[in-house]
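Two complexes follow with chain A in common, the first pairing it with chain B and the second with chain C.
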Partner chain A sequence: MNVRLYLWQRGTAAIMVPMILVHLAVIFYAMDRPLTAEQILSRTQGSFAWGLFYGMFVLLASIHASIGIRNVLSEWGKLKSGTAAGVSTVFGAALIVLGLRAVAAVVLPAGMLP
Partner chain B sequence: MSATWRAYRRNILWNAALIHRLSGIGLAVFLPLHFLVLGLAIEGAGKLDGLLTLAQMPGVKLAEAGLIFLLVVHFLGGLRLLAIENLRWFGGQKWIAISLAVVSGSIAFFFLIHVL
Partner chain C sequence: MSDTVSEIKVSLWRGGSDGRFQTYTVPLQKNQMVLDIITWVQRHRAPTLSYRFACRVGMCGSCAMTVNGRPRWTCRTHVAKVVRDGKIEIAPLANLPIIKDLAVDMVPFFEKGVAAHGTFAASKTRADVIEPIKPSEPARRTADEAIECINCGVCYAACDSVRWNPDYLGPAALNRAWSLANDVRDSDGPGRLVAISAAGGCHNCHTLHSCHEHCPMGLNPTRSIAGLKRLSAQAFVLGKISL
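So, the complex of A and B:
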């Protein structure tokens, strides 16, 4: 891992520290309240704050995960540096697309969804 | 293979690094599925409700507790790494690593007995 990737890896991790605590709090909050999908969406749709929070979380987690996967592919998978970089970039891009789509599905008002 | 070849595998901090990596791989495998399930809300609450019903199965709850463990153990292990790299060195790393693993397991167990 070069210095630039190391800094991205540690930087995204540090920024995600409070976000993971919030995410765990949400999980444990939901644990006590078995909500239907309609009840969940009524709380999240139209919320700019949750959209911004989880949109940022998706971006940071995708970058962090793709760098981690790149390390695993080159150190354990013995892939060449360029191949590992290519695979992990595609993986990271797919995570961003799927993640932002999920955030949009949960946060955007029903009328704005395709 | 000599006995010393594998001796490092009994080292607590080597195992902490291994758990950090394996939990990271587990989370990376889970994330796309998590996003796909949440993305079902695009097709309406009914689709998402179908999967929420599945989540009531004991096996799924057990898997959820496993994911909580992966998330917490990766998070706490990452915090230890950030502290080592950015703060003044402090001793007791082996005990800290063990404690973090125990805390992670306890949180996942608490989640499991609460949802079962």
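So, the complex of A and C:
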């Protein structure tokens, strides 16, 4: 891992720390009430703020995790550097697609989902 | 009167990387070092046994081996401290190619010292006035903390990051780089920063502290590497280095 990848991984982690605390608070809030799926969707659908928050979270987590997977593949999987980079890039892209799709499912207004 | 108090079973690695352990019965004496029992085996049981040592007093760093699974300097390791149930197992250092028996090829280790720009690059000539360096200056004190390395290779053998990534420069080379990075007389700062920021550089360290735990000189290469990570990150963000 070079300094560029190091900074991307540590930088995304630093931004995610407060976001994870917000995410945990949201989970505890929803479970404590408890909120039903319909009640949660009524608050998130059409919400630009929640879409931005979790959209950013998905992008940051995908970058962070794919760099970590790259290290695991090269250090423990003994893959060559280029192969590990390729596999982890595909992994990161898949996380982005799946994550943004999940965010869209809860923030897009009803009827707008593909 | 003999100092022999009992006997121990000593298993020594014999052969190359495809070798095996061979067990010898060695008289155990008072105040005996691990290096002493290896020498006894060579003189009395196995004259073809290959191993490396020079000073025998913990200065040269050439006698490091794996003793009961742990890298140690054998000349300063008491047998009584490491013997288990009357047995000791001695293998060559890990993470380095085995030449024969207990002797490893140290070339990759020293090549990484060169790759990390671990050589002093003078900023002045002998014609210049000698620059006074106060031992109390913060940079000098930081350099001094890392400077007593004897290049025994114990940290390199103990490092999981080296085992996982053979291209990783390793704790000794990076510790040396940190010492020079804090030496105001050195002129190779930018070149060294590029070397330790690249693919095999300081950012591969997982901060496992094995080097710190095993260093016979009590140094803390993990702390040195953390310092290099800070220097490297700052230089990259400020555009002082590019990869």
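The definition used in the following text is that the second predicted complex is superposed on the first by the 114 of 114 C-alpha atoms of A that agree within 3 Å, B and C clash if a C-alpha of one lies under 4 Å from a C-alpha of the other, contacts with A are read in each partner's own complex, and residues count from 1 in each chain.
Heads up, the rule we're going with is that a contact is a pair of C-beta atoms (placed from the backbone, for glycine too) under 8 Å apart; a residue touches a chain by one contact, two chains touch by 3 or more.
Just so it is clear, the model here is predicted, and its values are computed rather than measured.
Return first, second, both or neither, reflecting whether A:S81 touches chain B, chain C, both chains, or no partner chain.
A:S81: touches chain C, not chain B.
Which partner chains sit in contact with A:L52 here, chain B, chain C, both or neither? Use first/second/both/neither.
In the superposition, A:L52 touches no partner, neither chain B nor chain C.
Go through the superposed model and pick first if A:V22 touches only chain B, second if only chain C, both, or neither.
neither
Looking at the overlay, what does A:L5 touch: chain B (first), chain C (second), both, or neither?
second
Using the touch definition from the top, say if A:V90 reaches chain B (first), chain C (second), both or neither.
So A:V90 meets neither chain B nor chain C here.
For chain A, which side has the bigger count of touched residues, chain B or chain C?
B
Using the superposition described at the top, list the residues of chain A that contact chain B and also contact chain C.
10
Give the list of chain C residues in touch with chain A in this complex.
That would be residues 161, 164-165, 197-199, 201, 203-204, 229, 232-233, 236-237, 241, 243 of chain C.
Which positions of chain B touch chain A when the two form their complex?
Residue list for chain B touching chain A: 21, 24-25, 27-28, 31-32, 34-42, 45-49, 52, 56, 68, 71-72, 75, 78-79, 81-82, 85, 111, 114-115.
Under the touch definition given earlier, write down the residues of chain A that touch chain C in their complex.
1-7, 10, 74-76, 81
Which of the residues in chain A end up touching chain B in this complex?
Within the complex, chain A touches chain B at residues 10, 13-14, 17, 20, 24, 27-28, 31-32, 34, 36-38, 40-41, 58, 61-62, 65, 68-69, 72, 91, 94-95, 98-99, 101-106, 113-114.
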